[in-house]
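Before any comments, here is the structure.
Chain IDs A, B, C and D follow the sequence of writing; residue 1 opens each chain.
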Amino acid sequence: MENKTMQPTPVQIERENLHRVRFTRPALWVQLVLVACLIAGPLVVPSFRAMDVMTKVMIFAVVAASYDLILGYTGILSLAHVTFFGIGAYSMALVVFHSGQAAWYHIFVAMALAVGISGILAVALAFFSLRVKAIFFTMMSLAFAEFVFILGDQWHDLTMGEDGVSFSLPGIFSVNWSDGTFLGATLNGRLVTYYFILAASVILFIGLVRFVRSPVGRVLKSVRDNEQRSTALGYKTFHYKVLSNVFGSVVASLAGVLFAMWLGYVNPTSVLGIPVMLNVLLMVIIGGMGTLYGSIMGAAFIQVAEAWLPDLQKLAVLLLPTVEVAQRLAERWILYFGILFILVVIFFPKGLVGTARDMIARRKLRLAQRDH
Amino acid sequence: MAEPILSLAKVHTYIEQHHILQGVDLSFMPGRATVLLGRNGAGKSTTLRTVMGLTPAASGEVILKGQAVQAMKPYEVAKQGVGFVPEDQAVLYTLSVEENFRLAMLSENEKTWSRMETIFKLFPDMKKFWRSKAGVLSGGQKQMLAIARAFVNDHDLLLIDEPSKGLAPIVVDHLIESINHIKNHTTVILVEQNFYMASHIGVDYFILDDGRTVHQGLMDDLVHDEGLKQKYLGIA
Amino acid sequence: MANQAPVVQTKDLTIRFGGNVAVNAVNLTVEPFTLKAIIGPNGAGKTTLFNLLSGQYKPTSGSIMFKGREVTGLGAADRTRLGVGRSFQLTNIFPSLSVLENVRLALQSKARVGMVFWRSYHSYSELEDRAYELLRQVLMEKRWAAEANTLTHGEQRKLEIAILLALDPELLLLDEPTAGMSLEEVPAILELIQQIKAARNRTIMLVEHKFDMIMTVSDSIAVLKEGRLICDDYPEAVACNSEVLEAYLGGGVKNG
Amino acid sequence: MTTQTATAGLQEHGGMDTKKLGVWIASVGIWFLPLLWIDPTTYAVLTVAGLAMGMLIFLTASGLTLIFGLMDVLNLAHGAFFVWGAYVGFSILNGLQQIGWVEGAGAAQSIGSVVLCLLAALVVGGLMGIVLEKMLVRLTYGSHLKQILITMGASLILVEILKVVWSPNDEVVTVPQAFQGSWIVMDVIITKFRVAAIVVGALVLAGIQLVMMRTKLGIIVRAGVENKEVVETLGYNIRRVFTGVFCAGAALAAVGGTMWSIFKEQIHPAMGEENLIFALIVVIIGGMGSVTGSFLGAIMVGLAYNYVAYTLPPLALGANIMIMAVILLIRPTGLMGKE
C-alpha cells in the first residue's frame, strides 16, 4: 500500500512493462496469425488432403502439448500417454456404435466417459510413478500401453478387434450433411467438424498454457529443479504430480474424442499403437521439451512428413527405376523416423523452440551487457 | 632432495558449475605419510578424486612419478600403481570378502597371495569372514577391508579418504595401527577430519581451505600450534 | 518466558541406520526466541538431528514436540506449515529459476495458493513485491532477476536465508550457513543472524563449526558426540567443559 | 564390541536368507493353484509349455537385466536383436534345408542345424551389440530419456532394415526333423522342441551363473552393478566391460529370437517388440540387474501366460501385467532387486 506512494521497485517496473506490452508482444501476433491461417485454410485451399493434415496437426499438437506437461514439466517419462488418447477415441466411437443411431448427446457422453476413465487411470498410474523408481515406471507404462492395445485388439465384443469401429456423427457433423456453400467453399459436415475441432483444440491448448502459467505450473517447475527443496517449502510435490498427470491425461483423452470425430473410424493401431506413442514423443522432442508451443511445431513437422514421406517411394521409382534396394529402402519410411529420432536427440536436444528461446535469451543477455 | 612421488600444480576442478579446487599446489615425498587437513568442503576429498581422475582437473598438472596423469582415466591411474580407498567404506556389499580381494588383485599370482598372508596378520577379521558377504561386516571391518583391498597390490602410493568417518574410537585406534604398518611399505596420503587420527599417522601435512593450499609443514609442529589449528581447522 | 511452552522438546529421540545409532536418546529443549547452537565433531549426528526435527527422517523411537504439540509423525511439508524452516548444509535452492522466483515460491507456499491452476501466477503481484522486500532484507535486491545458479556461493546462502524467512517460520534450523563460504562473506551472514535474533520473534537452532562465531551469537550450546547429547549449557560453561573439548578434538589430544 | 556387531550382522544375514527362501517358496507354490480348475493332464502340458516359454523369455531378459544393472541403460533395441536373431536363424535353416539337414534329417544333423543357427545368431547379435554400444549407446550414459529415444530409434532402424533384407511379411520356419512331433508320457503330450528349449535355457542359465559366480570377469561385472566407481579405481576399464556386457546381452537376445522362431514355427518383423514387452515385465518382476531374479520372473511369466491363456485367452498378457503391478506394490524394486 505504502509502496504506491514510494518509488516503484524494479520488480514493479518490470511488471508494469509486461502489462503494457501484453497486446503488442510478437508472440501473441504469431499465435493470432496461426489461428487465422487455420480458419482460412480450408476456404483458401479446398483440398481434402490439406484439411486432413491440418486437423491432425491441431489434434496432435494438443496431444503432444499435454504429453509435454507430464514429461517436460514433471519429468515423469510415461509411455502410456497415447493410451489416454485412445481411450478418448474409443469412448466416442463405441458410444455411437453401440447405441446404433448417432445422437447429439453422444458427444457429451463420450467426453464425460473419456474424462472419467482417463482421470481414474491417471490417478492410478501417478500412484505407481511415486511408488517405483522412474525408469521402472517407464517400463511399466510401456507394458500397460501394450496391454490396453491388446485389449483393443482382442476384446472383440466391445471393440470389434483389429478391424476397428466405423461410426457416423450426428446432425451437421455427419459426413452426409451438406448445405450450399460458405464463402466459396462447400459447407458440409467435414467443414463443420473441422471448425469444431479447431475451436476445441484452441481451447484445450489455452487450457494447457494456462495450467503451466498458474501457481501450480510454477510449483511444477520448482519440483523439476529441486524436488527436495519444494518439499521443504511445504509443497506436497506428489499432489502436484498427480494433478498435472490427471490434467494432461484428460486433455489427451479429449483430443482422442476429437480425433475419432474427424476420422469416423477407430482401430487399435491408429490410436493405441506404440508407434503413435513414439510419434508423439518425437513431436515433443523436436519441438523442445518443457516449451509447450514446441508441440505445435513438432506435430506439424511429423504430420506433414507422414503425409508426404510415402511420396518418397514414387520419387525413388522415378529416379532409380532399376535399383531394387533403393526402392525397398524408400518404401520403409519409418526408417527415416528412426534416423530422425537419433539425430534430433544427439544434435538438437532442446528442440526447435527450446533452441530458439536459448538464442533469444543469449541475445538479450548480450544486449544487456552492452548497455551496462 | 628426492623427486616427489606425486605433485599437483595449480589444479582447478569443477563439479558441475561449482569451482571446488581453486589452484591447489601440493607435493608428496615418497615414503612419507602425508595428511590433508581442512574444514568440511575445503576440497580435500576432491583433491584425491582429481588425482584418481574421478573428477578430472579442468586445468593444472598432476604429476605421478614424473608422468603427467591429469588426463588419465581412473583405471589408467590405478594401473600406474595408485591404490585408492574411497570414503564411506566403499566395499562391494554383495560380494564376499574373498571376491572383494580378488577384484582388487590386478594379477592373481603367488606374490599377491603371499601379501594376503600379511593382510590376514594385520586384519585377522578378513580371514574370519573370508566367505561372508562384505555387506554383513561392521563399519570398522568394512573400512579395514577397503584399506586392505588397496594394499593387496604392490602399489607405490595409497590414497585414503576419511577412514575414521562414522567409526567408534576403539576401531579408529585399530585403523591407526594398521595404517601405520602399511605406511612402512608404501607412501600414504590421508584425508582426515579426525585430528587425533591425522596426528598419529601423518609425518607431513597440508591444510586446504576453499580449494587452495593454505599451509604446510611437519605434523609435530602443527600439534603444538594452537593458533593455526583454530584458524583453519576450527579446533579450539 | 518461563510460562511459555518450549519451542522444541525432544524426548529420548533416537534413530538407527542399520546397526549405527546416529542419534541416541537425545533430550533437548529449546526455549522461545533464543538461539541454540549445536556443535560436535563430524559424524556426531548434528545434521541427522536437524533432519529429525524438520521431518526429513522419522525417528526409530522417541518423540518430538513443537510448541507443545506432538509432531513426531508429521512429514516435512506439514512441519513447514506449522512453522519449522530449515536450511541445508549443501546449498539448496532452485538453480534454474530466478532469485525472485525462488523467494516467491516460498511465499506462494505460505499463501496457500499453490493448488490454483486456473489463474495466471502473474495475478498474484503482491507475492512478488513481498519477495523483493525480503531480498532487500538480505541485501540481495540487486540480483533479483539473476538465475540462481549464477550467484556466488555466499549469495546463494543469503538467498537460502531469504527463502527461509519467506516461510515466516517460528523455528529456524540453520545447518552450517557459512559452510564453503569465503572468509570475507562470513560477517554478512553473522550480521544477518544477529538481526533475525534481535527481532525476538523467531527461535533459531544453528549447526556451525566456527567456534568463535558460535560463542558470539548463541544463548546456549548443545554438544553432540556419537549421537549422544553430552552437554547443553551457556556458552561460557560449555567452553570450559573438559569433556566437550575432548569430544571436539576427537579424543586423545587435549589443549596444549 | 567388534565381534558383537559382527554376530548381529550375521543374524541379519541369516534373516535375509529366510526372506529370500520365502520369496522362492511363495513364487513356486502359487503355481500349483491352477490345479483347482485345470485337470492334471492339461496342467502338465501347460506347465511344460510355460517352462519352455519362460526359459526362452529368460534368454532375452537376462541380457536386458544385466545391461540395465551394470550400465543403467534401458535398451529398447533389445527386441531388434531378438528379431534379427530369429531371421538369421531362419536363413541358416533355409540354407541347410538345401543340403537336407532340416526336413528328413537325422538326429545329429537336426541338432547340428539348430546349433549352427544359434551360433550364427550369437555372432550376428553380438556384433550388432558392439556396434550399437560403441556408436550410439555410449552417447547416452546418464540420461534415461536419451537412452529411450536413441535405442527406440535404433530399434526402428534395425527392424526396417530387416524388412528390406528379408520381407515385411510372416514366414514359416521349418523345424529340423528330430525336433518335430512330441512324446507322450503318461497321457501328457510333450512337444520335443519345448524340451529342447528348456534344456537350452537351463544350459544358458548354468553358463551365466558359472561365469558370474566363478570367474574374475563375473566378479567384475557383479561389482560393476553395485559400484562402478570402485571398480574403475581398482584398475578396470569399465567402459570395456560395458561393451562386453552389451555384446553378450545382444547375443543372448538373438539366440532367444532363434529359439523362439523354431518354438513358434513362424516369424514376423514385429515379434521383437512383442517379446520385449515380456522381457521388460520379467526384468521388472525379477529386479533390475539380478540374473536369478529374471530367471524367476521369466518362469512366472511363462507359466502364468499359459495357465491364463488356457482359461481366459485375451487376458494372458494382462495377467502378467497384474503380477508385475502386485509385485511392485509389495516390493518396489522387484523380487531380487537392490533396495
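Simple rule for what comes next: contacts are C-beta pairs under 8 Å (C-beta built on N, C-alpha and C of every residue); 3 or more make two chains touch, one makes a residue touch a chain.
Keep in mind that what you see is a predicted model, and the values were worked out from it rather than measured.
Distance from the centre of chain B peaks at A, each centre being the average of the chain's Cα atoms.
Pairs B-C and A-D differ in how many C-beta pairs touch across them, and the larger number is found at A-D.
The distance from the centre of chain C to the centre of chain D, with each centre set as the mean of the Cα atoms, comes to 51 Å. Mean C-alpha positions place chain B and chain C at a centre distance of 33 Å. If you average the CA atoms of chain A and of chain D, the two centres end up 36 Å from each other. Taking each chain's centre as the average of its CA atoms, chain A and chain B sit 54 Å apart. Of all residues in chain C, those that touch two or more other chains are 19. Touching of two or more other chains is recorded for residues 5, 9 of chain D. The part of chain A that touches chain C in the complex is made up of residues 3, 9-12, 14-15, 18, 210-211, 213-219, 221-222, 225-226, 228-236, 239-240, 243, 247.
Contact residues of chain C toward chain A in the complex are 54, 76-77, 80-81, 86, 88, 92-97, 100-101, 104-106, 108-110, 113-122, 124-125, 128-129, 131-132, 141, 144-145, 163, 167. Residue ranges of chain A in contact with chain D, taken from their complex: 77, 79, 128, 131-136, 138-140, 142-144, 146-147, 150-151, 154-155, 274, 278, 281, 285, 325, 328-329, 331-332, 334-335, 337-342, 344-346, 349.
The residues of chain C lying in touch with chain B in their complex are 19-20, 41-43, 149, 153, 176, 179-180, 182-183, 209-211, 226, 239, 245, 248-253, 255-256. By the touch criterion stated above, chain D contacts chain A in their complex at residues 68, 74, 136, 139-140, 144-146, 148-150, 152-157, 160-161, 163-164, 273, 277, 280-281, 283-284, 288, 313-314, 317-318, 320-321, 324-325, 328-329, 332-334.
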